[in-house]
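First subunit A sits with subunit B, and in the next complex the same chain sits with subunit C.
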Partner chain A sequence: MQIEREATGSDLVLKVSGRLDTPNAKPFEQSLLAAVAETSGRITVDLAGVDYVSSSGLRALLVAGKAMRAAKRELALRALQPQIREVFDISGFSTLFEIT
Partner chain B sequence: MLAFAELLAGLGLLFVGLKFMSAHLQQAMGRRVRALLKAATRSRLIGFVCGAMTGAIAQSSNAVTLIAANLVRGGVLTTREAIPVVAGANVGTSALVFIAAIDTRIAVLYLVGLVGCSYQFKLDRKPVQREWMGVLLGLALLFLGLELIREAPTTIALKDAAALLSGIGPFLGFGIGLGLALVTQSSSTATVLCVAAVQAEMIGLHDSFFVVLGANFGSGLATLLSAGGLHGTGKQLCFVQIIVRGVGCLVVFLAWAAAAAAGLSGGVTFSSISSGGTSFAISIIFLLLQLSGGLAAIAFLGTTEALARRFSPPNREDHVSRPHFITDDALGHVSTALDLAARETDRLIRHLPDLLPDLDQSGADDAKVRAIQWRGAAAIARATDVFLVELIDRQPVREDLDIALALQHQQGLIEALQDTLKSFADAIDSFPAPPPLAFNLCESLRAIVLELADTRGGSAAEFDLLIALTAERSEILERIRRTLSTAALGTAEEARTLLRALSFFERAVWLVHRLAMTLRPAANEANRDLAGDHLTRDEADAD
Partner chain C sequence: MTAPSDPSIVSSLAIGASVEEIARVSEWLNEMADGDDWPDRLRFGMELSVEEALANVISYGFAHVPHAPEIRIDYLHLPDTRVAVRIADNGTAFDPTAVVSPDMAEDVEGARIGGHGVRLMRHFLDDISYERADGENRLTLVARLGTAE
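Take a look at the complex of A and B:
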């Protein structure tokens, strides 16, 4: 798994590629939480390069989403591949995040 | 032909009567049975007497053994404490054999009259009275069945039947008794049939001795066969039954053989002891089988326990089936009992994710381990439910009653969720390689249940998030259903399994939603206080 950061003012885009599975979930969660702490604006996670999401990957996003909610900010997701979008729809996670 | 029909009707009435009587007796005395079994821990003698009483109530040592085995699995009794109960239960079932040995024709008439008049004059309004009416009606049907069995052979070729059964010999007699006990799952029922055959002069005392011996041993095997769901410590009592029955057979057979060696007929000896005819002699033999085996097991309690432990050593299921917090001692102090029940509920929720496959780490996942986890979790949920019912029965103050009822409601949801997750996991496990939709459903449900496990004891805002996450989603699921109906999948069986998994998924999400609403602090502030000290997920993993 690889994560690229693109900052625009106070906003941040995280471009993720690879698999969001159990071994990668913890580093992914730590990167997200670090981004929440470092920035004051909106965070967008670009999932165009992600072709696999497990329950651990979903939970990492949820932890970051909660942290953003507590800070009264929004975590957005974008460019989900169709099979990844289906996981988000079935699990109900698409109702918790803004997806573009 | 009519006589055969009478014989068949007699057997039918006998079985229906037994079932009817046993079911109503357990309803009428069910709570006392549990209290009796719990009182058994005081001493061996009390355990034996309690076992005899429960055996007489349930009229099935098999049922008492399985109830006691579940109490052992739940940690209420130890195997050592339960051995006298099992031994006593066998003695209790002798009551039916003695009743069958007496002339019941007049009793049947009185019983039917009594029950009929009671129904006509509405004396069955109260539930307890209704159950006792059921017991009496069951007894009447049983007696009527016995009468039909006794009478039927006199109208058919009695001599032919007697000739067929005469001199069946020890081995065949033993085999017939063993088979009857395995089919009827009861040594007393098999012996009652033997008594009827003796009364109809179809069989002599010598042959019926070996039939009763076989029935006694067969009943022990029947207990083991009907304990399919029990493993480890829970199964030890089934082996105790076999030991008790086997020792009983050996002791009584040696006494019979000793009488023969001394130049006496075993049959004559037992008849003279009973001084009440052949039927009573059989009842006495049955009672001696139970007493000799039972008393030997109690006298050599340590050896019996060691043997049972050797046949069925403790396993992982024993650990996961045992409640960690609730104990019967706590029932005397309501607030402590509620606190413990809340902690047990909390623990059950924490372990819910263990019931689902982890497809992301398929190498580390084991369906057999998950099945053990499910059986253990279900046993704890049942034990907690019983604990709460007993607590509510003690009529606590209003505030405590509200908390107990809320916990009971949560227990109901947890039990339903456990079963739904098991069914969902079974559907997923049935795929040699789960298709993408099965993977997505499984990982989605796992994420939701993991969130439930982590949110317990959390703030209202965290529960609101979970409630939103598990909100209605019929649109997407309906779309998937339509796709499954029309898409070209691998096989029709695959589509059917996916549809089944989808239904279980939908139900599981709905149950998590309902559970989250009952656990949300604002909805149940008092309960939140009780369940205060929640363990973290890491601590849970170490548990």
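Take a look at the complex of A and C:
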């Protein structure tokens, strides 16, 4: 798993690539929470490069989403591959995040 | 004597009780998928289901047992072009098929952190069965090769 950061003013885009599986879930969650703490604006997670996600990966996004909501900020997702989108739909996560 | 309807084991893998082992399981599963030319949807769905099941076993199955953890994974050919992955472990008795998936949350605040794995397994597989025998949990994940898009 790799994460590239692109900052525009106070907003941040995190471009994630690789697998969001159980072994990667903790570092992924830590990267997300670090981004929440280090920025003050909107965070968008770009999942175009992610070809696999399990519920551990979903959990990391949910933890970050809760942290953002507690700070009255928005966490958005974008560019989900079809199978990734299916996992979000089945888990009910598609309605929890703004997805573009 | 083996009954004709008994499943046949194609390959087996023994792993330790740590999440890092999931990467080794994925590699092994890829070999099975290559050998039987699994469709992409089955590759994704079975890998996901096996990971969800193993994450449960590894995270919770051995917290309160005195003996050394043993986890074995078998790949089986079943009749009617079906295949199965069976996960056997000597951890605490736990039937994931009896878990009730959480209601769909309406917002991030109300969303539950866990419990989504079983819903995903049911979606991507044709059948899931569980038995407790000889001190082992045995979870069998079944998929049909023919109809899995």
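Note that the second predicted complex is superposed on the first by the 100 of 100 C-alpha atoms of A that agree within 3 Å, B and C clash if a C-alpha of one lies under 4 Å from a C-alpha of the other, contacts with A are read in each partner's own complex, and residues count from 1 in each chain.
Just so we're on the same page, a residue touches a chain if its C-beta (ideal position, glycine included) is under 8 Å from a C-beta of that chain, and two chains touch if they have at least 3 such contacts.
Bear in mind that the values here come from a model prediction, so they are computed numbers and not experimental data.
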Inset, instruction - May I ask you to decide whether A:Ser55 touches subunit B, subunit C, both, or neither, giving the answer as first, second, both or neither? - result: both
Inset, instruction - Mind working out whether A:Glu6 is in touch with subunit B, subunit C, both or neither, as first, second, both or neither? - result: neither
Inset, instruction - Applying the touch criterion given at the start, work out whether A:Phe97 contacts subunit B, subunit C, both or neither, answering first, second, both or neither. - result: second
Legend entry - subunit B and subunit C footprints on subunit A, overlapping residues: 21-22, 54-56, 58-59, 62, 66, 69, 83, 87, 90-93, 95-96
Legend entry - Contact set on subunit C toward subunit A in their complex: 19-20, 22-23, 26, 41, 44, 47-48, 51-52, 54-55, 104-109, 111, 113-114, 116-117, 119-120, 123
Inset, instruction - State the interface residues of subunit A toward subunit B in the complex, per the touch definition above. - result: 21-22, 53-56, 58-59, 62, 66, 69, 83, 86-87, 89-93, 95-96
Inset, instruction - Provide the residue numbers of subunit B that touch subunit A in the complex, in ascending order. - result: 358-361, 436-437, 440-441, 443-448, 450-451, 461-462, 465, 468-471, 473, 476-477, 480, 505, 509
Legend entry - subunit C-touching residues of subunit A, taken from the complex the two chains share: 21-23, 52, 54-56, 58-59, 62-63, 65-66, 68-69, 83, 87, 90-93, 95-97
